[in-house]
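Please read the structure below before turning to the comments.
Chain nomenclature is as follows: A, B, C, D, E, F, G and H, assigned in order of appearance, with residue numbering initiated at 1 for each chain independently.
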Amino acid sequence: MASAGVAGEPFFALPFGDIVNYFTPYTAVLFGFALLFTLICILSRPEQQLDVVFGTDAYYAKGVTGKELRFRRFMSIACGCATMAAMVSGDVFNFTLFVSMVGVCIIGIVAAVKSRHVLDAAYNYGIIAIVATIPLFGGAAITLATTGTLSIWELSAMASGMPLIAKMLIIVGVMGEGIAPFYAAKAELFRAPGAPYVIMIHVSSLLMFLRVVEILLTV
Amino acid sequence: MISGYIIGLIVVFAGVALTFSAFLKERDDVHKLILADLTEIAGLAIIALTATDLAEALIIPGLVVGISELLAVSEIYLTREKLFFQPEKLFTIEVMDSAPGIMGAVLVIFGIILSGFTGGAVAATGMIFYFLCKGHKERFSLVETVSAYAWVLWIAAFFTFMLAPSYWFFGVMMAGGAILAKVVAKMSLIGAMRGESNA
Amino acid sequence: MIPVLVCAGIGLYAACRVVLEPETPRKLLYLSVLNFAVAGSIVLLVPDIMALFAAAAYFVGSTLESNAIASTWAGGVKRT
Amino acid sequence: MLGELVNIFIAAVLCWLLFIVVDVAFGLPEKGGVSGADAIASSVDRAGGDLNGGSMMGNIVCSPDASAGTLLAACGVYAAGVGGGLTAAVLVFIGNRICHDPGYAGTTGAVLATFMVYGLGMAGITAAECIAGMVIAILTIQGISHVQASRLLGKFWGWRT
Amino acid sequence: MTPELILGLLLLIVGIAAGAYPRTRDYLDRLINVEIAATGLMLVLLSFNETISLLTFVAVTALATAVLIRVIERRSGI
Amino acid sequence: MIGRLSRYLADIDNLTTVYAVVVVAVAAFGILLLVVSPLSYEEEQLYPKSIDPTSPLNPYERGGDPFNRTEVLAQYPENSPYLGYVTSYLTPLSAFFAATSPYMGTTILTHPGGIIDEILYNTRGLDTVAETSILFVAFAIASFLFRREEE
Amino acid sequence: MLVELVIAVVMGLLFLGIHRKVIARIQGRPGPPIWQEILHTLKFSFKETWVPRTASTLLYVGIIAVAMGIWTAALYVVLAGGSILILFGIYMLHKMVEHGVGLSPGSPYAKFGGIRSVISASSEIPLFAVIGGIYFFTGSLMISDLVAYQADNGPLLLSILPAAIAMYLVILSKMHYGPFSIVEAKEIVSGYQTEHFGVWRAGLQIGDAIKTFVLLYAFVLIFVGQLGPVLLLVAMLALLVSLSFICAVSPMLSPYDSVTVQMVAICILVVWLGVLVVIG
Amino acid sequence: MMEYIIAIFGIIALIGAFTTYLRTSPFDKLIGVAIMTGGVIPFVVIKGYLDVAIVIALVVPVTTIFMLQASRRGMR
């Protein structure tokens, strides 16, 4: 069972075959937060972004409407679902899969924006998201090969646990999908209109990071 | 005594380092995309070295993630650069008239026999080859709808396994068929997206 | 075992000739020898009807490949 | 050991004769079937060979002709007897369709070769040796000297017309 | 260490070197070099008898090629 | 110095470079670690492979009769009450292949049934859900962009 | 339970007032009275309030509840001796409040605040290495365990100084007028809070107050240990005054520089901690 | 005997790989890929996975044709 020192006792487990999702106080808090923001995404209408035309007093409103609105809402809901699943996942590989799914969804949230600047950031972020899957899956695979299991419960009960190199790989992977020194792309992505959806980008990567810290301290 | 696993791992790590070192100097966006494809290969090798059935079950999701991200990012690239024009059909070779039918049929039939994601990928290769050579006007939304329903079917199959395990047989058939349909539909649209306008 | 060795040896020879040949279309001639050699070895290595299919698939596939390369090199069919 | 090598040599000669005869009879040297075959022919021609011989070599590269038929028929007989040989003929036909070729030479060659290999089996030369022989036979045409081979083939074509 | 594994790792590293540092800066050049690495991985998978993954990988490589070719084609404007 | 560093990090075009530096460093460290103190390969794996070259189902022969259980080493067997049923099942078509030729193992076991389907659909079904969802999402992005440019 | 909450709010607002006062005095200004922030909050609560027409309504309003909710939760976590991982989780989630508040009104000024908050987020990630260090030294992350550990082994402040400095930096980056507070910098009007006024602003103030209180309290608990009420208050005040001093004398850094400085500083601390781990 | 055969095909595959790397014309490179495939397929066959060999043999030309589509501009 997960050690109580890091995230509290697990109080509820949801098994899907070999993949057991569990809720500790910590993961439950994160799950709740992801759920809250997903609900906001579903229910809220996007804001109308006002832009000042430089050098004049004029300003205009950029709205998010029609097809684009529906598409981006769908993407942010998918992103929220993936985040929720990653929060409670009790399996290393499953976690990495959901992290990559968050990466794809983040690209999707801003892909519909027509601004070249935002698309440029999305493209660079996308490249990072692709290559970040290598450290992620690599870390999970090395864990499997050297310990013979992927379940976080089993790993935390083990004396040796996850090898150092696997931990490093996973953290580098999550860094790539998420934040850390690669904030430039995120900041540019944030310039896109559509507040509830854009915020989902950061909600998911922050939560992802919080979760991976817990995993790495546990195993 | 150093085992084969360690040797393999060292070689693959060297490969990963080598691929990423190419990123250091690369400024061209398309080159970056191709390099990302290359890194996928190096990454899969790490999983492959584990050599159990489970490792194999992990490679397949890894492959899917790679190809789907590649698809999305390449499309973003095209949108960003506004490269919308259709390539003109200036050029053909004889085999492009004769081969696609038979090769496509063989691959698709084999893919249907295989079923699951593997079969979907094989059949999709056949379909893309066909569309690429013949050029095809396609009902885009119809195919998308089919694949969306296939996705729903697969989710239903998953819950069959989890909630009513005694119907496992039903679940296997549904899952295999649904993923096949889904993957074929999605991937073959690449071929359609490449070809002539489907307006 | 002698026939397989003969086939493999010829394959190696053909591969070397392909590498040494400077002109693209004539590389394809040597390549076809390699195809013959490999297709032969496939069947000789596994005497089964499936091997026949494999050999045929390989042979047809590589012939198609050569055909495509040669035709593209020649500039394809000029359409009006 | 030595006997095996002699058998391979005999098989090579017989296969060589068979596929040359069939190919020439079906007019392969006349012109290239596809643009790629023409390109190869002109390349051989430029190197000092014969254009018709080059066309035939190009056609061998670009689609399964009688030589491929012979090889696959030998493979078929080796794997599954006469039935295998006829299966191979069907496969060669399909291959021809894929490669934009009418496909009469290959199929005819495969059918004839099936019976020849079967007959040679009676005479003590196994199908495996026939496969090796066929590979040697194709080597002599495509793999030693293009110039000489194309001139030789051109001469055969000259006899026919 | 079976011969397939050795050959596979060799091809993998050669292919990665080729893909990472191609001789010309042509897109196609690099893309074809990637194929070498793919063949190497194919052999690695083969040496561990992971044939279903092998099948999937072969097909997916072809799909990825199609996707990338589409980008290259439009990029170079043919 | 700090100003230059922060300007460099702030440029999105340098993102891949920065990431590549990190990964190369980690990989180099990994090689070093592996050479100095090699990891040991754990022999007790889940879902181990057993190769039986003579079986027509090679390399996926895991035993068992159709509609019956076979032994599969899963992580939490108690969560999958029908574990082993999929592994041992062969569709009629696959049974026909298996009886016909010993060289069709992969085809047979990729057809519904077999150990990989057991893992992918049953014990680790959530992986496949995630995987297909990723494909779904990625494709939705691509087709949305594609169709928008058509209009 | 409610009593603690009220105390935390009042104390937090008071702390903010003291913060302003100290800065003003150091800079040779008279400064506002220390209960100014309490009055502010009360005043805002009774002002006329509406939602801007361009705003995304639900997010605009909901984010206030989130701001108050997460810090209330953090308060109870600290009081109950819960995991500091949860505390830091909530600290990170506060970023979301800044983004939400900044992006939801649709105003470009607020948006700049939100974007800066994204930039600054990356500097706090390495902190988790610090948490790892604490975990390595004490074997637990529950605050109650840490308190017990310090009762036995003396304050952690001395044994793992780098971790303490790192947390100090974290608190500093959240104080107003500090060198790292790019999010609330005055050059972008009121930063992310620009478009929230009236009751909404009062809510944000309350959240801020609880945040200040919780962070100071947690610092004392984690690195000094359990103290009596008076001593605790003194320790928190001392901490606050030292923070105000730094805020008063240091210049504001440009956004990207601020992040880089923080990151470099924390990386140095992490290396230091690593050295400690290796020696220990 | 078998080891010689394996060695020969391994060498063929390596020759193909290096040709692919060292040539610069796309046609020559694709011919290199074809040589490499020819060297690799016997390995699959020796292991006894003939169905896999069939698929590889069919998919590789398809990939080549995809690539040729992009190389048509650079005809000589």
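Following the convention adopted for this analysis, a contact is a pair of C-beta atoms (placed from the backbone, for glycine too) under 8 Å apart; a residue touches a chain by one contact, two chains touch by 3 or more.
Here the structure is a predicted model, which is why all the values come from computation and not from measurement.
Asker: Counting one step per pair of touching chains, how few steps separate subunit A from subunit E?
Answerer: When the steps are counted carefully, the minimum from subunit A to subunit E is 2.
Asker: Need the most distant chain from subunit G, centre defined as the mean of C-alpha atoms.
Answerer: D
Asker: Which of the two pairs, C-D or B-C, is linked by more C-beta contacts?
Answerer: Spelling it out, more C-beta pairs touch across C-D than across the other pair.
Asker: Taking each chain's centre as the mean of its CA atoms, how far is subunit B from subunit F in angstrom?
Answerer: 14
Asker: Express in whole angstrom the distance between the two chain centres, defined as the mean CA positions of subunit A and subunit D.
Answerer: Whole-Å distance between the two chain centres: 61.
Asker: Whole-Å distance, subunit B centre to subunit G centre, using C-alpha means?
Answerer: Chain centroid spacing, subunit B to subunit G, equals 47 Å.
Asker: Distance-wise, how many Å sit between the C-alpha centres of subunit D and subunit F, to the nearest whole number?
Answerer: Distance between chain centres: 45 Å.
Asker: Spell out, as numbers or ranges, the residues of subunit A touching 2 or more other chains.
Answerer: 16-17, 93, 97, 100, 104, 107-108, 111, 120, 127, 131, 134-135, 142, 144-145, 150, 175, 181-183, 187
Asker: Residues of subunit G that contact two or more other chains, please.
Answerer: Residues 259 of subunit G each touch two or more of the other chains.
Asker: Enumerate the residues of subunit B that touch no fewer than two other chains.
Answerer: Answer for subunit B, listing residues that touch two or more other chains: 5, 9, 14, 16, 20-23, 32-33, 40, 42, 44, 49-52, 54-56, 58, 60-61, 64-72, 74-79, 91, 93-96, 99, 103, 110, 114, 117-118, 122, 125, 132, 161-162, 193.
Asker: What chain pairs are in touch here?
Answerer: Final set of chain pairs in contact is A-B, A-F, A-G, B-C, B-D, B-E, B-F, B-H, C-D, C-F, C-H, E-F, E-H, F-G, F-H.
Asker: Mind pulling up the subunit F residues that touch subunit H in the complex?
Answerer: It is residues 53, 58-59, 101-107 of subunit F that touch subunit H.
Asker: Can you check the complex and tell me which residues of subunit F touch subunit C?
Answerer: Against subunit C, subunit F makes touches at 101-104.
Asker: Quick one: which bits of subunit E touch subunit F in the complex? Just the residue numbers, please.
Answerer: Residues in contact with subunit F: 48-49, 51-52, 54-55.
Asker: In the complex of these two chains, what residues of subunit C are touching subunit F?
Answerer: Per the stated touch rule, the residues are 46, 48-51.
Asker: Per the contact definition, I'd like the list of subunit F residues that touch subunit G in the complex.
Answerer: Going by the criterion above, the answer is residues 2-3, 5-7, 9-10.
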